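One chain, subunit A, appears in both complexes that follow, with subunit B as partner in the first and subunit C in the second.
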Partner chain A sequence: MTWGNVETLVKIGEVIEASGSQFVAQCYKLHQPPPLGSLVKTKEGSIEIYGVVFNAETHSLEPGRRPIARGSEEPGGEDVFQANPQLAKLLTTDFGALVVGYREGGELCHYLPPRPACIHSFVYLCPLEEVEDFSHSLDFLPLLVETNLPMPVDEVIAACFRYFSQAHADRRTFLVKAGKELALLLGGELKRLNSILRKLK
Partner chain B sequence: MSLDLAQVAEQIEGMAAKLQAGQEERRQKLEFALNTLLSNTKKLDFLKQKVETSKTTWLVAGLVDSLDSHIPAPSCPNNFVVLATDGSHIDVDRHRSTRCFVINIGVARLDYGEKPAAFLFNLPSLHFDEAEVILSSPDGTQRIEIEGQLLGVKRTIEECRILTELAEEVESNLSTVALLDGSLILWGLIGQSYPDFVIDILLKKGLLEYLGKLRHLAQTRQLALASYISFPRSTDVVNVLRLAICPYQPADCDHYCADKFGEKGCDKVAGLLDRELFDCLLATGERSAVFVSRSSIVREHYGEHRVYFFYLKIGEEVARLEVPQWIAKDKGLLDLLHSVVLDQCRRGEGYPVALSEAHEKAVITAQDREQFWQLVEKTLVMEERLLRTSAKSWSKRTRWV
Partner chain C sequence: MISQNFGDENRLGIVVSGSLTKGVEVKLDPGISVEDMVVGRYVTIEGEKRHFFGTITEVSLEAIDPKIAVAPPDISDPFIAEVIAGTTVYGKLRVLPHLTLGSDATSILEGPQPVKTVPAHFSVVKLASPRDVELVFGSEDERQFYIGTPLDMETKVCLDVKKFVERSNGVFGKSGTGKTFLTRLLLIGILQKQAAVSLVFDMHSEYGWEGQDERGHKVKGLKQLFQSRVAIFSLDEESSRRRRVNTDFIVKIGYDEIEPEDIELLRQTLNLTEASVQAIYQLAREFGERRWLERLLDLKDEEETKQLVSKLNIHESTYRNLRRGMENLRRFPFLVPQAPDNSVRRILEYLDRGINVILEFGRYEDYAAYILVANLLTRRIHTRYREKMERAMGEDLARPRPLVITIEEAHRFLNPELSAQTIFGLIAREMRKYNVTLLVIDQRPSAIDEEVISQLGTKITCLLDNERDIDNVLTGVPGKSELKVVLSKLETKQQALIFGHAVPMPVVIKTREYGSAESYREFVSPRLADRGQRLETDDLWG
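Moving on to the complex of A and B:
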């Protein structure tokens, strides 16, 4: 079954860096990245590559041009952008996604795809129906648990569980199942497991 | 061997000490200049006539208003558009195999008010056709290659051409200020005695034609144009004071003072800059009186676009804005320009934000230049064209011991 046909989905960004296990996308709208832990997808030929958002960053498009504080005389944060319309063209929001699986010919795989995403491929936020379909199996979990990220990976795992659980009619059942899978993977790391589970509320 | 900074450092210290020692003398000169200016404010007609009839070896501003005028900032419109263009170029390199140059124009359109928006982009163009890189006289007997200073002039014209196109696209109900960086006076055409056809092509059929289009546009909408000079080094107004001090009526430097070195009365204000004078005369946000440029190229060729200028005090700096005559004579447009440029500088940390963004889009780095030539040579090699570069160029690119 094919979920979320890309022709009907709204694209949120474009791949600007890609490897076999991650991709970075530039958002079309400033300050509007997909939520932490959400499921996004992009295409590489006939393959749809799925990723879990692990980070987002807003920065100057040009290295060496740092933003400076501009709002001392503006009543609200949004007014800074109204008074300096060029800012929206000089800043950009990027987000990173960990590749957690792919779909080819209708078959869903919860492991790394044969090829990385293409640069300039469009990126879409998966609708909740597709998230539910993808997360019926949690075989992608090792890709999250065993990754090295420049930010706390346990935060990403917890955010992913919270986000995915919204797609399931019985949220609690999904979280219990996810918690059990996680316990198996983390083995003796009880402290780490507890820390993640406490973030699932 | 690279530059020996240790040796230069000692010389820098010497330079700093000398500048420090000269500060008191400069302060006294400035005080004298200000007193001269203020004591001459009621002699405007006399000074005007002296400016017009004197023969000086320095450039003197033509007078329009009282010397000490200082006009406070008018209020900015609620909705307005600021347009700016700025350019950079890759000059012809005679050591390369191909004769060509690149002009890159950076463009900024910033909309303020109810519908804020920004459009930032650049328009690079490669010029290689003979008609583009060589100026020819109508009878084809004279040919002048565009490079160096002339390329700088051509770039200024391109900046103005694209600014005109931008202005044509702005909705006619929006007050618009169009800004260029640098001078409206094509100084690159002065100094070397170029034949008339060069002036004709670059000035009359170039810059002045686009200024004419802008003037035509300004007849149906509120459109002001100016070129903005940051940290100006001009002395046109200080030179008016030299004339005020001069005991001869009219002044004639070559006749009366050709053999006097450093002992002329007018030397009491020599070396001062207009910006130093107006830094004392103007409060922050105020503009000076309007003056007319009396440079020969402007008087001989600019006609209805004769260049006027005024100074504007923006925080720590005094900027010079040059405008064509049709703006200078329209108080409404001068006020629009004054208020919007001041607002631009407030938003841009002391420099008009639109010009700053246009500049950012125009910049060509040293790396860009090298990559450009590599691409040219690579492409020509692929096309199996004969490629010859000079031995000097090759030696610079392959350093060996």
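Moving on to the complex of A and C:
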């Protein structure tokens, strides 16, 4: 099976910030980022770069200009945007992804690519078959475990395991395997291991 | 790495550390339960250049962080328990490698060799397959006798009987662990492979005609299985007749055959003082080696006694002590002033014809009788063997058949005080110089002279739980502390650890079944199915 035939996939956003280990993409649709822990990919020349979504954020397009509450007169939430169509143009949803590997010439690597993603490259949500293929090896796990994020990384790891497990026919077997990999990486950090494992139901 | 493929169902884990003397540590793979691991089991280790064959000597639980004991993970959750097993906590084995097999042509021809190194880090450890075991312990043939099966395996462990009889050997174990059953098997092995001829001092009359198992069911003795190749000699005609034993000869021993040395060994048993023993030698000087006992027992009137005592300057109390001890011998009807036939000569005649001799003690299951008779006969038989052997060497004649003498309660003969004096101590020490070796059976090996124990070629030991017994049996054995654990963990019955000369490496066996109709058939006409068939070494380790 071949993956990465991007023509058949729906693009969900565009890279607006990129480093070797992370990228940030802006969603085409307001309030519709890919789920936490899901697998996304983008392209850099002939390389496809994979990322695990670790965060999403909706904010005003103009820095310094904060939205103000407008719904006191409206019966439902949708109606704020209907009543003020210009609002959707002033706001945007971004999401961040941790780079977990790349594919070059059909070969899958579970470590960092040679170059970061290009700004304005399109970002796609990987279909479950591709998630399954990618997660046959969990060698990317250190990239998640050892990262420094402004948010609890253990939540990301747990979400990623839950999301990836849906792609496997035998969900439990995958989770046990992933859990064991994690246990080895975390060594003596039993509390941390325990708390992640408890989030894997 | 977990993601590695553990396709091989026999795989147990990998070597993580170790040393030649203490054995290697093996980290169990996550899926392997420590509870399935049994001390004494065989494993193979696939080193880089050679294969190793060894036994599990210890099983332990490990955690990568000792804190886990304080804050244990939530293993009531089966998912967490499964993840933790083999990662945060894991099982560990200690494996003592015993043999190696190189993969080049010369080493394959040489067969398994003693280990001189350890397998490399992360070598894969597997349960030994039946073919591995067969490569090491051979299959039944003209020399190899099937003695039992390894734990949890159907394959046969064989004993090289020809090698076995080259040295003196021992069978040990607590009471009721299977020594007698094992000894029956060994005797059959020796007979079947015609490796030697046996003389058994059968204290409890259980080898010759028939014995009993624990539930009181009869089991056949050697004569019932091998009519023409076993002769039963009896010290107790009446008992033999009552048990309908088909005896070949009734043994009587004349007073004139008892020498002072024979009594000296009975000092403790007969409660003789040191002075009494000295008095015996004086009597022998006075009346001659052949007459002293009869003369002593014949002393009737006070006057005669007084005269003798004062002549030899024997103290009154010494005389009484001696007399009481000797009167004790009178209760044995097999002791007679003059024997009608020469038992030693008869035994030798049978042995010369290759017929195994089992001497039953009948009702005289008494240490005094046993020690006296076994010593007396063995001393003379040994002398004859020595003469024959020396003649054979001098005149280039055929040597006498190798002889194996079986004694029970061996510590009565071979304890540190006596072993230097008894014929049995001598035979154990001189190895097979005169083609005579011992098979000693004992439940208290700690009471046997350490030097004798260390001379034994092959030791077969059932469960022992006394620390000193275990220590003594394992004196001078490489890997002693590991074997100690193995030994103390044997089942209470029908399991034994064999090590020494006749096996390539220590082995724990479930002793071959003795007592079923099927078992008898196999003893009498063994099916040597794979006789002459040599296995391709490549296949075995492949």
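The definition used in the following text is that the second predicted complex is superposed on the first by the 199 of 201 C-alpha atoms of A that agree within 3 Å, B and C clash if a C-alpha of one lies under 4 Å from a C-alpha of the other, contacts with A are read in each partner's own complex, and residues count from 1 in each chain.
Operating definition for what follows: a contact is a pair of C-beta atoms (placed from the backbone, for glycine too) under 8 Å apart; a residue touches a chain by one contact, two chains touch by 3 or more.
Since the structure is predicted, the reported quantities are computational estimates derived from the model, not experimental observations.
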item: Joint occupancy of subunit A by subunit B and subunit C, clash or fit; value: fit
item: Partner chain(s) touched by A:180 [first = subunit B, second = subunit C, both, neither]; value: second
item: Partner chain(s) touched by A:169 [first = subunit B, second = subunit C, both, neither]; value: neither
item: Which of subunit B and subunit C A:82 touches, first, second, both or neither; value: first
item: Partner chain(s) touched by A:62 [first = subunit B, second = subunit C, both, neither]; value: first
item: Subunit A residues touched - subunit C or subunit B, whichever exceeds; value: C
item: C-alpha centroid angle, subunit C to subunit B via subunit A, nearest 10°; value: 170
item: Contacts of A:10 with subunit B and subunit C, given as first, second, both or neither; value: neither
item: Subunit B versus subunit C - smallest C-alpha distance in the overlay, whole Å; value: 51
item: Touching both subunit C and subunit B, counted on subunit A across the two superposed complexes; value: none
item: Sites on subunit A touched by subunit B in the complex; value: 62, 65, 68, 70, 81-90
item: Subunit A residues touching subunit C - in the complex, by the definition given at the top; value: 137-139, 172, 175-177, 179-184, 187-188, 190-191, 193-194, 197-198, 200-201
item: Touching residues (chain side subunit B, partner subunit A) in the complex; value: 108, 110-112, 116-120, 347, 349, 353, 357, 360
item: Residue numbers on subunit C that touch subunit A, as the complex places them; value: 2-3, 30, 64-65, 67-68, 71, 73-74, 77, 79-80, 82-84, 86-88
